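Read through the structures below before going on.
Two complexes, one shared chain (subunit A), two partners (subunit B, subunit C).
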Partner chain A sequence: MAFPLPRGVTASEIAFLAEMETVTIVPRQRLEGLELLGGPIEPLVPPRRASLPLWLALLLKRQRRANIIPPTWLHPEPLALILEVESQHQDYKNAFSPPPPLPGQPSILDRDALPSARPQYTPDGNRYYAAPPFLHQNTAQTVASSRDPPSLPFHWVEVGNLLLDAASDDLVDPDQIRRLLKDLREVRMAKMRSGVDVLDAAATGGGGVALTGVGSMELGEDRGFITGVVDGLRRIGSSKEQARREQMAEQRANGGYDGTQDDDEEEDYMEF
Partner chain B sequence: MDIDDILASVDRGPGASLESAALDHQLLTRFWVAERAVSEVLPWPAPLMERIMDRVRIQIETIEDLAASSETTLPTTANTHNPNLNLRLSILQTDLARSQYIVRSLLRARLAKITKYSMHYLVLLASRNKNPLASQTQSTASSQNPNQQPEDSVPDISELTDLAPLSEPETSFLHAHQTLLAGHYAGSFMGAFPRQLRRLDDNAGGTSMIQGPDLKEVVFVRCLGAEVPVVVGGEEEEYETGVTMRMGDVWVVRWEGVKGAWGRGEVELL
Partner chain C sequence: MSYYDIDSILTDAQKLPCTFELEVPGLGILEGNAGEDIKAGTRIDLPLWLGEMLSIGARLGTSRLVTLDMPEALSERVMNALKADPRTLDLRALAPHFYNLSERILELFEEEEMVDVLGDAFKKRAADIADHAHNSRGAVGGGVDFLRGLDETERQLFRVAHDRAKDMRIWTGEAKRK
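Here is the complex of A and B:
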């Protein structure tokens, strides 16, 4: 067997991905810049702040060569605010609190503004839109304007726990943070469970269920459950979907679209 | 060194290579996550993997040079430089190991899918590059062959040029694997079957023996473009769209509905 792991990244792989997030540190010693495979590392000159991938920051922290400055969201006040929104706010009874905006995405405060995605181009000429873990969502000075409400980044569970484990002396009131993170996780887990009712929508062709604001680890935990439920529902509803599609094909044929019916029939045949 | 090498070295100027190292790393990570998330084998990103493997090779040389220099200079500069040198070495090695882990995991995930759906991909490759006349004569000839063996149903793909979605080594692995497997089946039980039942790609009664990946399985995606519609049915069918995802949204949708958008880089698999 070439590969024993199930489909979809597992919990340890998610933690591995979270270690690619960028954090801010204050180095305690000099280190010349390095060219890593994951990109260049700026020279470390104490006491100037530097931005490093989390795995490197943790490596330096464990050797007491640096202090990690906690991300903007990993303080008691913003976490308490997010917890209040998650548990009390009417709009988010059944939804997660909004995630930090992607570059080019308008802030949650002005809903009418249109998003304008700004792609980079890869060396092969394809478009590339940056996304977590490669956005600076866990640095001390976030790029987002200060009027934005605090929000949980995609890898909040992993980054929060890694920092609590390895750098709790750098955090403000780590016990309080630990409590808040646990509360947040429970509130959001309950939401994930109660959302099972709507999973039927993802079982139909062209349909889907929105999970905007979900964290990577939360997704990993429920991936097997959700895909299992949706695939089961799809199998149960496949004859109904088949009938609907045949009906639509018929309507198209009557409406003057000819030639598509043959294709559809062939397709239907192939599935059985 | 020929002209292509010189051109390549100019293309990869020192400034550009730093930028693209970070970008390539992000592309590799995203591709790895995607490959882990879907049931079919994704198109092999040959240029990207070539660049990554080049960098890995150069990085290994750098680490070896550093390690060698630390040994030679040990007696004189042990007190001043050595702690930092060791730190630099360990950082470089950790970084290298992380990249190698992604590449290994990616390749193993692809191999697992190739072996699982080996007949599907062989038939897919063979059907694309063969002219219909030749395949017809071959199939009639094989059905008349009294000594029909399971190996005969393994298509010959040695002449193919278009190998998508597989890479060249993967294709030769696929063919060798399936030939061995068919030989094993023949030796262990299929040899005792009536000869019209010995084909591995039997589709008598409208049921195909070949199992392919299920494109209707759901995946988790993040929408990166401004607005991305979910397509009903596969790409070949009519352009019928379902729900529309907006930028930054995370959705549970069928893979076949967002496959086109993934190819354009407008959605990311999670």
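Here is the complex of A and C:
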């Protein structure tokens, strides 16, 4: 191995990316507004709550100049609820608990509602749809309606661990939270492992495997393994795939000129 | 698979049983007696790259020089064992590059069933590899034998999964950086 670093994104790099997440703090000291590349920071006036990027919040916390208000999901009760859904609920035996709804996405409680994406606008007037880390999934005041069940945001492992490390005195019952996070990770890792059975769907043409609700750290951890398995399955099945394509081409060549093209296409789909 | 891929080169060197259909003068060196002729009907184990080349006439429809046989590693016996329980088989003893070899063989032979058996075996073994890779205590009990029997593709999988799990543990502070 010539290149000493492992391929892909390492755990500390993922954690670095997670520090873009916005969290809520209560400042203890006044601080003037900052003009950061990621956007301006409003002046901090105690005891008014403010939203800051996680890295700045952690810095202020370490200097004892602010207290971090834990995100809504990082409390024992919501975590216990999610853990119960993950481990007991029949619908989620092999699936991950749903991620927090995107802006405009209907709550999972009313399934019939149609999504209505709400665009946001940049200072230049360009339209965009916000995605993590620009959604406020880790702030104390939730954007989603309160009747939504609690859900784990994309960066739950990183934010949870960083806050437990740096700001455990701001959390409610940190030991219980630490235990719950560990249990959640283990339950979801077991699901990831049993998911190997469906990976051949991703190796065949046109197939795919849903990874909705999987956190970024979990993805980063399993990326190498999953792509390795899918690639191995694809290579073993490549001769079969080749034969299938040749057969399809042959069929097309045999009946292609007198029959219509549409009929042929239909025949091909029947074979899947 | 790139030109410089060492695993691909080593796969090329794996032996394949070949039967000569024609008498070839002066090729006795393959059999170990240099200078002699090779008789028609002689069975010799040739490296995959050579066997593939010599048998190419068979695919072009002209008179073939050699016919290829299934290597021992992919015989009926092995396939039955894989069908019964993929986890107990020592693939490394059969062929160090078992899956790479079977991939090449499947390009040469039409074996629909073998594709399914191998795919299924790979999947089942991959799940076990993930279990062992996430085990922080390393291989314990029966795991040692299983891990010793991994072929090169599976070893790479194990290494990736294990390194990632370790990286994760270091980041959360459960393990010390060495």
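Methods note: the second predicted complex is superposed on the first by the 226 of 272 C-alpha atoms of A that agree within 3 Å, B and C clash if a C-alpha of one lies under 4 Å from a C-alpha of the other, contacts with A are read in each partner's own complex, and residues count from 1 in each chain.
Assume a contact is a pair of C-beta atoms (placed from the backbone, for glycine too) under 8 Å apart; a residue touches a chain by one contact, two chains touch by 3 or more.
Computed from a prediction, not measured in an experiment: that's the story for all the values here.
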>> One more residue to check, A:15. First (subunit B), second (subunit C), both or neither?
In response: second
> Which of the two, subunit B or subunit C, is in touch with more residues of subunit A?
Replying inline: B
> In the superposed arrangement, which partner chain does A:120 touch: subunit B (first), subunit C (second), both, or neither?
Replying inline: first
> With the two structures laid over each other on chain A, which partner does A:37 touch: subunit B (first), subunit C (second), both, or neither?
Replying inline: first
>> By the touch definition at the top of the document, which applies to A:199: first (subunit B), second (subunit C), both, or neither?
In response: both
>> Contacts for A:212 in the overlay, against subunit B (first) and subunit C (second): which applies, first, second, both or neither?
In response: first
> Following superposition on chain A, which residues of subunit A contact subunit B and also contact subunit C?
Replying inline: 8, 199, 223
>> With touch defined as at the start, can you tell me which subunit A residues reach subunit C in the complex?
In response: 6, 8, 10-12, 15, 161, 165, 189, 193-194, 196-197, 199-200, 217, 220-225, 228-229, 232-233, 235-240, 242-243
> How about subunit A: which of its residues touch subunit B in the complex?
Replying inline: 1-3, 5, 7-9, 13, 16-17, 20, 30-32, 34-41, 55-56, 59, 63, 65, 99, 101-102, 104-105, 114-117, 119-120, 122-124, 126-131, 133-134, 199, 202-214, 216, 219, 223, 226-227, 230-231, 234, 245, 260, 263-264, 267, 269, 272
> Inside the complex, what are the residues of subunit B that reach subunit A?
Replying inline: 18, 20-27, 29-30, 33, 36-39, 45, 47-48, 51-52, 55-56, 59, 84, 87-88, 90-92, 94-96, 98-99, 101, 105, 108-109, 111-112, 115, 206-207, 216-218, 220, 222, 224-226, 230-233, 236-238, 240-243, 245-254, 257, 264-266, 268, 270
> So in the complex, which bits of subunit C are touching subunit A?
Replying inline: 99, 102-103, 106-107, 110, 112, 115, 118-119, 122-123, 126-127, 130-131, 133-134, 153, 156-157, 160-161, 163-165, 167-168, 170-173
